[in-house]
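Following this line, the structures themselves.
Here come two complexes built around subunit A, the first alongside subunit B, the second alongside subunit C.
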Partner chain A sequence: MATDPELIFAIDDLIVEFDTPEGVVRAVDGSGYQVSPGETLAVVGETGSGKSVTVLAALGLLDGGRIVSGTVTFDGQDLLRMPDRRRRRLLGSALTMVFQNPMSALNPVVRIGHQIAEVLRVHDRSLNKAAARRRSIELLERVGVPQAEIRHDQYPHQFSGGMLQRVVIAMAVANDPKVIIADEPTTAVDVTVQAQLLDLLRVAREETGAAVVMITHDLGVVAEVADRVAVMYAGRIVESGPVREIFAEPRHPYTVGLLACLPRLDQDIAELTPIPGAPPDLRHLPDGCAFHPRCTLSRGREQCQEQRPPLLAVAENGEPAVASACHFHDEVAAWAQEGTTADPDENGGQHG
Partner chain B sequence: MAESSPVLEVDNLVKHYPIRKGVFGREVGRVHAVDGVSFTLWPGRSLGLVGESGSGKTTAGRAAMRLIEPTSGDVRIAGEPVTAATGRRTLARRIAMVFQDPMGSLNPRLSAAANVAEPLRIHRIGDPRSRRQRAVELLEQVGLRADLAERVPAEFSGGQRQRIGIARALALSPQVIVLDEPVSALDVSVQAQVLNLLGRLQEELGVAFLFISHDLSVVRHVCDQVAVMYLGTIVEIGSREQIYQDPRHPYTQALLSAVPIPDPTVERERIILGGDLPNPVDPPAGCRFQGRCPKVQQVCIDTNPELVVRSAGGQAVACHFADDNAVEGESR
Partner chain C sequence: MVSYVVRRLLQFIPVLFLASIAVWAIIYAVPGSPATALVGTDATPEALAAAEERLGLDKPVPLQYLQWVSGAVVGDFGDSAINGAPVLGQLAERIPASLQLALFSLTIGLLLALPLGIVSALKPRSVLTKVINVYQAAALAIPTFWVGILLIIGLAVKRNVFPSVSNFVPLWVDPVGAFRNTFLPALCLGIYISGIIARFVSASLKDSLAQDYVRTARAKGVPEGAVISKHALRNALLPTVTVVGLQIGEFLGGTVVTEVVFSYPGLGRLIYTAVTGRDYPIIQAAVLFIVIAFLLINLIVDVLYALLDPRVRLE
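Let's turn to the complex of A and B:
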């Protein structure tokens, strides 16, 4: 997989563990995905699903924690086994990131323009001061920062959150990246600003031809921006495939549940169908399929409790195929049709 | 539920915060956090207060229940005026609150049952035994088994903690519950459980909700009436159908069009607003939305549009051009 030249960025079978006072926690348990140039992959999951840890570990940015195994390939190079210096040069030029909090990427006491120029110089050390200024201003204009000449000389605290995120996006596209990784880039901003930023990221992808990995908890954002989606649960990918196919006919009970429990802006729903229970505690993951205690398709079947289902392709007719990590993926469609009524247990909302 | 008198009336509520500078604390400006907000809440109904951060929705909710003292304005609960002289104790029996972060609003050292019994203890209702019994009943009512009653908040999941917060809000059988972003901190799979619980409780108890949220999809699901706030004022208010199917204020229209819909087959015309929410310090004289409005005219800069009822259904819009703004199928 990882050697396919079509894939610019690939994570394979990554395992990441953290040491905690209560023992070892496996936050990422054999997760992986691939992206091709010009494609947007959304990685979606709830708190603790490992969606952010996967990518932080892949880029060598993990704080604490250790990579137990796995490979990460960027543009044919092994990212985990290259010298730190070389990896750091790649990050910020060919492989760039946009985080939820733009302040985590910016220095509060350095003028915005200087910070952009710094990124430009990583790529082109011969860039002189005047040229760097000119290009920084151009970039600010490109990402829609008004009065770019004035803004160029200001400090981060003089910007709103949405404007700062534009600056970070400007830095991310400054050196014609091949891959842009955006980790919850719009979670901290209001919905009207989110619309601006998603639009900006789309334009950035079109202009640079980069692959985008968008990490989000918001299925609305997934539907809006992604070509393909990977759904994570308890450190693993449980389903992946083209967005339209996954939303139209999910093949994993967790994906079915996620889509069914959302209130909709465009529809009246008499009663939401919640997923019973709560996301699992990673310190005490259940045996077998991590989702089985919450799964109403499993209905206590032994296979779900004992064997961990691998992520396997389920539809071969078109490509790229849909893959599901459910023993009974062929039953999902019929089960979803009849209604995924949750058992009215102590955690469920019972009836309305 | 067919009672005909409102349970909460808020009339021209204003909350300004002075900005002071220098050693003498000279007032150099005012933050217009809430600037003349009025709404009416009916028994057993839900009013959604929606807006982006800085719109004043939380301040309005808190000033309505006098958690913060408003600068001016009238609040009546079940017809009785609430003033600074109305004791918190009287008020607390009629109006309760559920906060976004249950971890921050529950006492971490008290058990779930003790947290829920706390309002009863403060109001000296019953004896310790009857209070505990009532607390356990309330916990069961929100879907928490009695055997969990002695655990402390840290032992519960986020969704369960929010249930405890809701049980505590119900303890004094209030007529109104103000819910400030009650499901925003929860994962979507758990959020649905809490939303269904709120719906069931409202049906069973006939309690009215003032539901403060930035999430327009959640508000559509929960509320019968919706008020859209922008920079301290209500720019549009109406029934759920009116607001979601026939929004007349350009801000409401833009807001609705900006919400991502979890369906890749839905094609929509998106209105992308420029800029951010402006600074609420000494806002502009004319329409507050003038700086971001795609339809701004000279009159918008000169005069502030009043919130005027535009239709027989009672939909009120604060826009000079509200009647021209009808767009078919805008948010569908």
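Let's turn to the complex of A and C:
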């Protein structure tokens, strides 16, 4: 899979563990996804499902965790096994990140312009100060920061959250990246600014032709920007496929649950349906399918409790195919239909 | 910035006023009158009265204060009760010596503390860090006079590397002599503060390294050395400035023990001899100087902070 020339960035079977006083936590448990140039992949999941840890581990930016196994391929090169020096040359130039909280992602005591110029000069030693300054101002203008000339010499605390995130995006696109990984880029900013930032990222993708991995827990964001979506649960991808197909016909009970939590304008729904139970304790993951204790489709079937379902292609008609990690993916459609009309008590009785 | 500094300097006035009352009241806080201390307990009542008159102690208390304070504002702190020389002159002799010792101690302290703090923050689990932790605890816990005596025995008595009695040789007159004479007491104090400062550097660097902007810098492909020096360390040094400032303040008056051990003619030893001899005019003036020094250093730290951290505004 990793040798496919069509793929610019691929994570395969990544396992990441953390040592805690309460025991080993397996935050990422065989997760993996791929993106092609120009494509936007959304990685969706609850807090703690391992979305962020997966990319941080893949890029060697993880603090404290341990990569147990897996491969990460960028542009045909193995990211995990290359020397730090070579990986550093890729980070910030061909492979860039946009972080969740722009307020803390920038150094409070360094001028905005210097922080942008830094990413230019680290990767282009021949760039002198004056040229770097010109390019930083251009970049600020490109991401829509007004009065770029003045803003260039200001400090992060003089910026709003939305403006800071524009700065972070400017740094991410500065060196014409091939892959941009955006880790919940709109979570920490005002709703009114979210759409602008998503638009900016879309424009950045179109201008650079980069692949975008958008990590989010917001299905609204997914619908807006993504071509494909990968749903993550307890450190694994449980379903992946084109956004349209996943939204229309989810093939995993967890995806069904996520979509049922989403308010819709096109249907009259009296109440939103929460997923019963809580995300699993990553120190003691259940045997079999990690979702089975919360799954109303499983109904206590032994296969769900004992065998871990692999992520397999389920729909051959669509290209790329939808893949689901559910033993009973062919039952999901019918179950989802009855689930929305079923008695709330049967559905876990968590309304309220 | 300038108006802020002026305002802060004006705020010194009430503080100094209150401090001067406290400083002056020292005379009454200690049992026995200064006159008794001067003429001895066996003196005749006439001799005692004469001494009291000479010191002005026969006048009403508020008048005594006014007399003292009106002299103090123009720098006249009276004459030493012991040797009769003007207080200001004796103080002016000792302050440069103490400043030089403080400068040397701080330099040694920082030269020791910065690498130790940085190493223990970067490699928290290494054996070296465990050794550093022991050093930090020892530097804080072992009294300076003991370290001082060991240094004198080891480097001055057994091996004649440094003089056992440290004279004040001004740095601008004879740098080599200044170094030879100031090094041992400065090392003694430097070791002591290096424990505190290293602990601060280590804690705040660890804190900075866990911040998001450090991760951002790494994600930008910035080499690790620059991530630490340009991003983490710059932020980590902010809290360190405060500790260092407080240490300087302490040095200007609080190195009594070290100065006595090394017979170093600084402010600390002047205070020591003045206290043992009940030389109140000297004590009052010296303590007042320490108060002023502390106020100034606090102001300098605040201004420095504003220069280092753009988020701090001096309004």
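Rule of thumb we're sticking to: the second predicted complex is superposed on the first by the 331 of 352 C-alpha atoms of A that agree within 3 Å, B and C clash if a C-alpha of one lies under 4 Å from a C-alpha of the other, contacts with A are read in each partner's own complex, and residues count from 1 in each chain.
In the analysis below, a residue touches a chain if its C-beta (ideal position, glycine included) is under 8 Å from a C-beta of that chain, and two chains touch if they have at least 3 such contacts.
Given the structure is predicted, the values throughout are model-derived calculations rather than measurements.
Colleague: Please indicate which partner A:L272 is in contact with in the superposed arrangement: first for subunit B, second for subunit C, both, or neither.
Modeller: first
Colleague: I'd like to know which partner A:M163 touches here: subunit B for first, subunit C for second, both or neither.
Modeller: Touch partner of A:M163: subunit B, not subunit C.
Colleague: Kindly classify A:F247 by the partners it touches after superposition: subunit B alone (first), subunit C alone (second), both, or neither?
Modeller: First partner only, subunit B.
Colleague: Using the touch criterion from the header, give the chain among subunit B and subunit C with more contacted residues in subunit A.
Modeller: B
Colleague: Quick one: classify A:Q194 as touching subunit B (first), subunit C (second), both or neither.
Modeller: First partner only, subunit B.
Colleague: Between subunit B and subunit C, whom does A:V122 touch in the aligned arrangement: first, second, both, or neither?
Modeller: In the superposed model, A:V122 contacts subunit C only, not subunit B.
Colleague: Per the contact definition, I'd like the list of subunit B residues that touch subunit A in the complex.
Modeller: Contacts found on subunit B: 52-53, 143-145, 157-160, 187-197, 199-200, 203, 214-218, 220-222, 244, 254-266, 270, 272-277, 331-332.
Colleague: Can you list the subunit A residues touching subunit C in their complex?
Modeller: The contact residues of subunit A facing subunit C are 56, 59, 61, 63, 84, 88-93, 96-97, 99, 101, 104-110, 118-119, 122-123, 155, 157, 168, 171.
Colleague: Subunit B touches which residues of subunit A in the complex?
Modeller: So the residues of subunit A in touch with subunit B come to 46-47, 146, 160-163, 190-196, 198-199, 217-224, 243-244, 247-248, 257-259, 261-266, 268-269, 271-276, 278-279, 346-352.
Colleague: Going by the contact rule set out above, which residues of subunit C touch subunit A in the complex?
Modeller: Residues of subunit C touching subunit A: 210-213, 215-224, 226, 230-231, 234-235, 238, 308-311.
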